[in-house]
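Common to both upcoming complexes is subunit A, partnered first by subunit B, then by subunit C.
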Partner chain A sequence: MYEGAVQDLIDELGRLPGVGPKSAQRIAFHLLAADPVDVRRLVTALTEVKERVRFCSVCGNVTEEEQCKICRDPRRDVAVICVVEEPKDVVAIEKTREFHGRYHVLGGAISPIEGIGPDDLRIRELMSRLADDTITELILATDPNLEGEATATYLARLVKPMNIRVTRLASGLPVGGDLEYADEVTLGRAFEGRRLLDV
Partner chain B sequence: MYEGAVQDLIDELGRLPGVGPKSAQRIAFHLLAADPVDVRRLVTALTEVKERVRFCSVCGNVTEEEQCKICRDPRRDVAVICVVEEPKDVVAIEKTREFHGRYHVLGGAISPIEGIGPDDLRIRELMSRLADDTITELILATDPNLEGEATATYLARLVKPMNIRVTRLASGLPVGGDLEYADEVTLGRAFEGRRLLDV
Partner chain C sequence: MRRRLRRRFEPYILPRQNRAICEDPARLGKDGAAATGLMSLRGENGRVPLYRDEAVVLRTQKLGEADRIVTLLTRRHGRVRAVAKGVRRTASRFGARVEPFSHVDLLMYEGRELDVVTQAETIEPYGERIASDYGRYTAGTAVLETAERLTAEEREPSLRLFLLVVGALRALAEETHTPSLVLDAFILRAMSISGYEPALDSCSRCGAVGPHRFFAVAAGGMVCAEHRPGGAVTVSPAATALLVALLDGDWTVADAGEPRTQREVSGLVAAYLQWQLERGLRSLRLVERG
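On to the complex of A and B.
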């Protein structure tokens, strides 16, 4: 509908996840009217991310070095590995400041519907990390949904023969939430995982 | 939260209109995993839009030439000008194939709250287009909201002394809509603007 360059930009923006044709048009006109310096900053950020960012050779997290800053940090506990699906899960867990071990980023979860099997994830790399006897606990922090649960079960079975404690994050009521609005599965899990109040 | 380039990209994407921190993160990781060719295409589109696109010297629409393709088209009726707020309004009207005149893009609407007055819009340029006596009708197609109505009223008063027919797009029920769901102002306008059915 628009001439050349404007339409090209709308088309390209429309290919991004979560950006529909209306948003793409809105963003394109915003950029048209924006300071050229701002657009150049966005262009630089896009270019640099492809040039500089790669995946940590140990855990698979995003990094600009050979290893990510968590794997490089000597203060982190090398005996505990927390398995997550995506780099954004690492960020979410780091925000809690509860975990001081290292991570392993699978790059997704097992999903037969999407055609993602164990071989498409960084499971072989995880197994070789577990092989050297320093690991005492493996925390499975894949998402609490169908795919995440399947992946956790698959990994737990795979690791069972080794002498490693395998744990899964607790399911239950969200803190600050309202009991009456919790779905029945979550509420059921909260009962199952109830703890003795030591007062 | 992320290292260097990834965080830079998330920050830049988060500055775009309608892109929150979660979407920015999602888009950034999509681009990280995307084919470098796709990212390069987006970068090219961004760069070209700033280099090539400017505003038509006649109507203010976006174009890559001195004049936009509508102003250059000799088949368009030069006696009718349709005034709109933004280039995307031109596209919306062109899709109807109902209008064969030319446009004038104001670049917004009068809005005291946002500090946009008549001098911030391309009203002076409109007046000089109306000065040469070839224009017989001015269609005010600003948005049917507070700012758009105010702008239309302002323009109608300004043009009144000239011998030009000034019209406003009809307000009424959307086609395919449901009468019971129409808001009362729209329904009121639909009554006001009712037409004789000639059967």
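On to the complex of A and C.
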């Protein structure tokens, strides 16, 4: 245990995902030794991300405007929506350059054991987007793990009565992983090989 | 009388010392092979740290960049928490094998706080079938959470509970019965083998032989008119019969139950379970009822 401010910093860093007590200590002492200008830049970045960044009113992606860059882009295909769990999945798919439609960020996956049900995700917002006749295809790109599959199954059933083609990312992605860890080639191939989801 | 379950760790928060262990590569080994090597060295000192067991994966939690902590209900070692290294990476050796619902054959070594999975072979991949239907998925998740909560202590073997979980998952995957009925039967029987069998045929207070018309969670099941406490609910004869059938595993009777009766029974079973566990089951309110 260290005194006062140093320990406070270690505790705060230790709360971050993937940072254990040893890493927290290492980062804390790195910051302590760093140039004050560098530290101030980090502080500014942290403050600004909380002050400026919000969620796109259309798709739920992170943005600094009312709508995100993708939703504002007139060249994007308005007839296709790709459903993902997290904003970082949007970034992963954008890197493939395979997809030219728009996104819908759910904010997670249905996980009953964590108490997360359909009402806790941005599913109602998705349904109101689909009520518009312009959407002809819904691509379900939730993580290729159990919760992602179950979420896709739930959405496919919900959308079934509507006249919308529902597809699911399939080949190339190993089951049990997270979408964000797939390489661009694999993810690109999965996009080409999407399949109809029949429930 | 109501028996209190000992509260255990909040499973979503990893205690500090666990994190330290997971971060220490010398303890974990870089991969399965290194881990095995490390542990066989220790084995020469008289310990038998490597063990093999069958298990059902109850829950997985992300750990660090690419690992998961898996909560397992094993056949011989009870509930065990273990680290599965690298499973979230695309080139993972385990991949889908350590997903919830999977019935697997595992090679593990004992850690101080968390064990480490070094090899995993699939026995039955129930997850795929269960997750392909939302009703099965929500009922199945409640089966897993109930099993986790009823095993109050880690490493306390319960073969009967293990077999009950495997049976429930098989029934869900093979679509032999309505998912919510499979769940209700599982809850009733799992509670019974854990020492919370509800009184159904006779009054839980005086033992008078029924059938009775009232059910009181606090009293431990059905009660006669005389011993009916405040808060007891009136139960239809059909629901009483269905409760008995589910507890006895009489599926001919259970499958013939009216949807209305099934809903009544589901409500009673859920209330009884939640009362005994004190802290509610997260997944129960999300179970899709027919």
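Operating definition for what follows: the second predicted complex is superposed on the first by the 171 of 199 C-alpha atoms of A that agree within 3 Å, B and C clash if a C-alpha of one lies under 4 Å from a C-alpha of the other, contacts with A are read in each partner's own complex, and residues count from 1 in each chain.
FYI, a residue touches a chain if its C-beta (ideal position, glycine included) is under 8 Å from a C-beta of that chain, and two chains touch if they have at least 3 such contacts.
This structure is a prediction, so every number in the text was calculated from the model and none was measured.
Q: Quick check on the superposed pair: does A:98 touch subunit B, subunit C, both, or neither? Answer first, second, both or neither.
A: neither
Q: Considering only the touch criterion stated at the top, classify A:198 as touching first (subunit B), second (subunit C), both, or neither.
A: Neither subunit B nor subunit C is touched by A:198.
Q: State whether A:146 touches subunit B only (first), subunit C only (second), both chains, or neither.
A: So A:146 only meets subunit C here.
Q: After superposition on the shared chain, which partner residues are touched by A:26: those of subunit B (first), subunit C (second), both, or neither?
A: Only subunit B is touched by A:26; subunit C is not.
Q: In the superposed arrangement, does subunit B or subunit C reach more residues of subunit A?
A: B
Q: Is A:157 in contact with subunit B, with subunit C, with both, or with neither (first, second, both, neither)?
A: Once the two structures are laid over each other on A, A:157 reaches subunit C alone.
Q: Please work out whether A:86 is in contact with subunit B alone, subunit C alone, both, or neither, and reply first, second, both or neither.
A: In the superposition, A:86 contacts subunit B only.
Q: Figure out whether A:18 sits in contact with subunit B (first) or subunit C (second), or with both, or with neither.
A: both
Q: Overlap of the subunit B and subunit C footprints on subunit A, residue-wise?
A: Shared contact residues on subunit A (touching subunit B in one complex, subunit C in the other): 17-18, 23.
Q: Note which residues of subunit B are touching subunit A in the complex, please.
A: That would be residues 1-6, 8-9, 11-13, 15-19, 23, 25-32, 36, 38-39, 41-43, 45-53, 62-64, 68-69, 86-88, 91, 94-95 of subunit B.
Q: Applying the document's contact rule, which stretches of subunit A touch subunit C when the two form their complex?
A: 17-18, 20-23, 110, 112-115, 117, 145-146, 149-150, 153-154, 157, 173-178, 181-183, 186, 199
Q: Which part of subunit C faces subunit A closely enough to touch in the complex?
A: Spelled out, the residues of subunit C in touch with subunit A are 12, 16, 19-20, 22-23, 59, 62, 64-66, 87-92, 94-101, 127-128, 131-134, 137-138, 141-142, 144-145, 282-283, 285-287.
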